[in-house]
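Presented sequentially are two complexes of subunit A, the first with subunit B as partner and the second with subunit C.
Right after this comes the complex of A and B.
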């Protein structure tokens, strides 16, 4: 809504933005979700700056419980769990945003085009979507990794983005199908509006919360895929991620040894970030859809 | 101005597209400048499909629709076409994007066609158009579609079409959503526009409205024309049994259904009962100058037409 230019002559752009902001700030779900996400994002951005050593440095006593010195305790080998956590959050956000964002972009482009154009264009795009959908992603990654030999968060995100878009494309295509037959799309066509503009300004705003939810799901999915890639040894060779922490904790039997501080922070971190994004999505739905607002 | 020549629309139906569904078959008529043509037919007779084809929203299967002599399929710029031809649809609720305010339909017109008009002047024009359809601008501007009534939304759509200064309006059931008092206002507005040279294709199932506004009438049944001609001729002397049953089905203020006069009985088929020389158009025989009627179904043995009046009683 905020990206749309003047809705009417009497409400110039700032007024429209102010109205959306007004409803956004009054929405408890949106604000609560946003606060959680912002807190974690701030921890990811600021946290590493306050720590003088690296996340994998052996700095403290082994297997120490949380204390004033090591907030989240230390690992089996004396690494600071808090340092790992904030560095891990950083790479997790990065993979989520880049991978999820790329997948969302591809999914939207394919889904909108296929759904709106229909016919032969739809057939071809649908075929490509289905091919990518049934592609054994992990096997392709193994082969690609063996040939390319590049291991960084960026490459990981690129790979996740290129393989996880098909379901998003299918979902958006289905939604677009149902929306394009509505009369207001015809009315926009009668007003001489071009197809890309109709998609962006008529169809997409009607499913903005749906699109945001798609991104959230892709974000969460990217985080989880990244964790499993880390596990099979195809993650970034340098650094740490929340998934890597969980896997290390599992590998060194943290649960059996009672070292709850090793696996609870990364697990709770992933859950809190993805959960907060879900709650935000519900709130955004109410902001974007005037019918859900209380009058 | 607008000419339909043997226009058909065929849909593929069935699980594998094996069956064909003819929504419109072989329809031909003209709409001239300053003329109101009413397209009358029951639900599913193909009248809305025809309207959509004229508006280029649905492709034509066969035949040609020409506007000022150019086939509308061959038009390079639909935008220029829509500058001259506009439509108002049946269902005003679905014509508005529920996420945005209702007056966005005006902003869209301004963005596309009048980007250089000053905001204040545009506002004047919008308010003028709204007053033309008996709406209070202060009441409808800045509201969301779900806050307005169907009649208000419908009239805003008419105002939107008026803003463009068009030459042809496809009005698909535009009166059905309005209540009796605004109905006459809108009809009078259409009459004013017609006096200014606007051609109107008035799609309706309501015959009394059809007679009130139109110069010529096209009666459509199962996708094909059964009777067409000047409205006074068609209504004074309905030839096709279907037109007759439609006319008989119009409710009257002072008569009850059971007081209706008895069925006149068998009448000769307007097509096969006519002299050979009168069959000047495919499937249509000219009974009076400009008054054409199709076969009543005698050849196919389809039997007597449905008695609408009795069914509804």
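Right after this comes the complex of A and C.
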């Protein structure tokens, strides 16, 4: 875990931004991670537009190896793996943004309130956080999704968001705790600013980089959990996702048939996006935390 | 210390209560009708038979009673160890099905968790501040933690199992054998165990190595390190001190990761058709066997709670401050 970036009140904000940008552009990890994420994001956004048929349409010969026409080959039934891949990437980004975003919002709400208020509110919120933290999220999601007749990416993301926030809440609470007794927060309180405004205007901006990094980790976590759910067969009932592709490949014995082009791309896509995000996070940490820059 | 354990036990007790309640709530308040979906799966055409089945399933869930009564009955049955009857393996009680599967899951999980934790920590501490290792191994570690468990499992099964033909890729022992106490059977068991274990181990290893590496780097910047160095202490000694301090957050991390590791074991088992809890979950989902699914859920929650408690005890053993009542526990 990281300490709060030492952004002091005396430095004018534009100077801080310029300095951060200066280090950001020279940070190999950050740039490399960002490039990978942007490339995949572009594939997810642009890819489906270049394909005239749907991801589950039977368009080509069955079980064809990658070729000039079908870049990633075709499935057992003649579906285009590349089409499934780019559409699946869309689902991946969507579930990451929605699930990770919701988890970040809940984590922030709980963390800020508990850390700033303290006392009984803190005790109660802390207890709730600990309970959700100990519950194995995927297993809860399994049971909940199994009972849902029709499943969509939105609902999946909603459930993931509802179960994956606790560690974020804990971390944000600890950060808020260390910020709330600072002079500028006292000053705001003395001048009669109300609590929500203090949190939004005084505390949150001072840990914005930390919040952003928390969101990145939650995003990655949401993508991985969604992939596991899809793989078990509890993915969205319509459409495609990378986890669903793995599920289909395993179910129709792509391994035994040697159809590596069916199960390699989806897993590689997930690994690349999530891994790049993690590496980006380390880079961001080095940019915002001067102590780590020497490396 | 008593306060520390009291608090922990309270949280675990409440968690179990919440888990049971959630488990009870889901079939009753989720959109979708479990009885209907089980009926449509059974695919019976005579209306009389459908009606009889509907009555049977409704009474199995206890839907015909007032809600508060259903809730109390649910707890009552649970405390008697009765989780209902499996539909997939009718008429075996769910408890029996689970008890048969648990040894396989534990046999995968416990070695994978312990070995990856120990090896990952050692390796992470070793790699920290060695520039060439840090730069080559660190990215690899991140790629490993970002790998979905089932994908690594699929890749290993394909590369080492099907292409190279070294390891079998399905089941817990050879299909030609029956469970018995013999060297041949033990060998077959081990052979089938290796690939699922290896894929769990590798993903977890990456995470622990990175965590340790980051912790050591923070520790090596602490005041006590500067002080020790200024006294001229040998690097080995300083590193050992840093390691002891850095191991504490890793123990907490172990508790936090338990859920993720269990989830990883479930999907890995599915890839290898390994007859543990993951396999049960897959069958339960495919056969709409809600009793089995819910029983497995409760069982996993209970297991995770117990494991958490073990980690707490380990923490007290490792960190003297918790014993002296000076805080320091996360």
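Operating definition for what follows: the second predicted complex is superposed on the first by the 206 of 295 C-alpha atoms of A that agree within 3 Å, B and C clash if a C-alpha of one lies under 4 Å from a C-alpha of the other, contacts with A are read in each partner's own complex, and residues count from 1 in each chain.
As a convention for this text, contacts are C-beta pairs under 8 Å (C-beta built on N, C-alpha and C of every residue); 3 or more make two chains touch, one makes a residue touch a chain.
If you're wondering where the values come from, they're calculated on a predicted model, not measured in any experiment.
Chemist: For subunit A, which side has the bigger count of touched residues, subunit B or subunit C?
Modeler: Tallying touched residues of subunit A, the top partner is C.
Chemist: Thinking of the overlay built on chain A, is A:288 touched by subunit B (first), by subunit C (second), by both, or by neither?
Modeler: First partner only, subunit B.
Chemist: Quick one: classify A:187 as touching subunit B (first), subunit C (second), both or neither.
Modeler: First partner only.
Chemist: By the touch definition at the top of the document, which applies to A:267: first (subunit B), second (subunit C), both, or neither?
Modeler: Only subunit C is touched by A:267; subunit B is not.
Chemist: Looking at A:224, would you say it contacts subunit B, subunit C, both, or neither? Reply first, second, both or neither.
Modeler: second
Chemist: When the two structures are overlaid on chain A, which partner does A:21 contact: first (subunit B), second (subunit C), both, or neither?
Modeler: neither
Chemist: Just to be sure I read the superposition right, which of the two partners does A:174 touch: subunit B = first, subunit C = second, or both, or neither?
Modeler: neither
Chemist: Touch check for A:206: first (subunit B), second (subunit C), both, or neither?
Modeler: A:206 sits against subunit B, while subunit C stays out of touch.
Chemist: Check whether A:133 is in contact with subunit B, with subunit C, with both or with neither, and answer first, second, both or neither.
Modeler: second
Chemist: Going by the contact definition given at the top, which residues of subunit A touch subunit B in one complex and subunit C in the other?
Modeler: 1, 291
Chemist: Looking at the complex, which residues from subunit A come into contact with subunit C?
Modeler: Against subunit C, subunit A makes touches at 1, 127, 130-131, 133-140, 142-144, 146-150, 167, 220, 224-225, 227-228, 231-234, 243, 246, 249-250, 255-256, 258, 260, 263-264, 266-268, 270-275, 277-279, 282, 291-292.
Chemist: Hey, which residues of subunit C end up touching subunit A in the complex?
Modeler: 11-12, 14-15, 18-19, 22-23, 26-27, 30-32, 34, 37, 138-139, 142-143, 145-152, 154-155, 157-158, 161-163, 169, 217, 221, 249, 256, 258-260, 262-264, 266-267, 270-271, 281-282, 284-286, 290, 293-294, 296-297, 300-301, 304-305, 308
Chemist: If we count contacts the way the header does, which residues on subunit B are in touch with subunit A in the complex?
Modeler: Going by the criterion above, the answer is residues 52, 55, 57, 78-79, 82-83, 86-87, 89, 91, 94-101, 103-113, 119-120, 122-123, 126, 141-142, 144, 146, 157.
Chemist: Going by the contact rule set out above, which residues of subunit A touch subunit B in the complex?
Modeler: Those residues of subunit A that touch subunit B are 1, 4-11, 182-184, 186-193, 202, 205-206, 208, 288-291.
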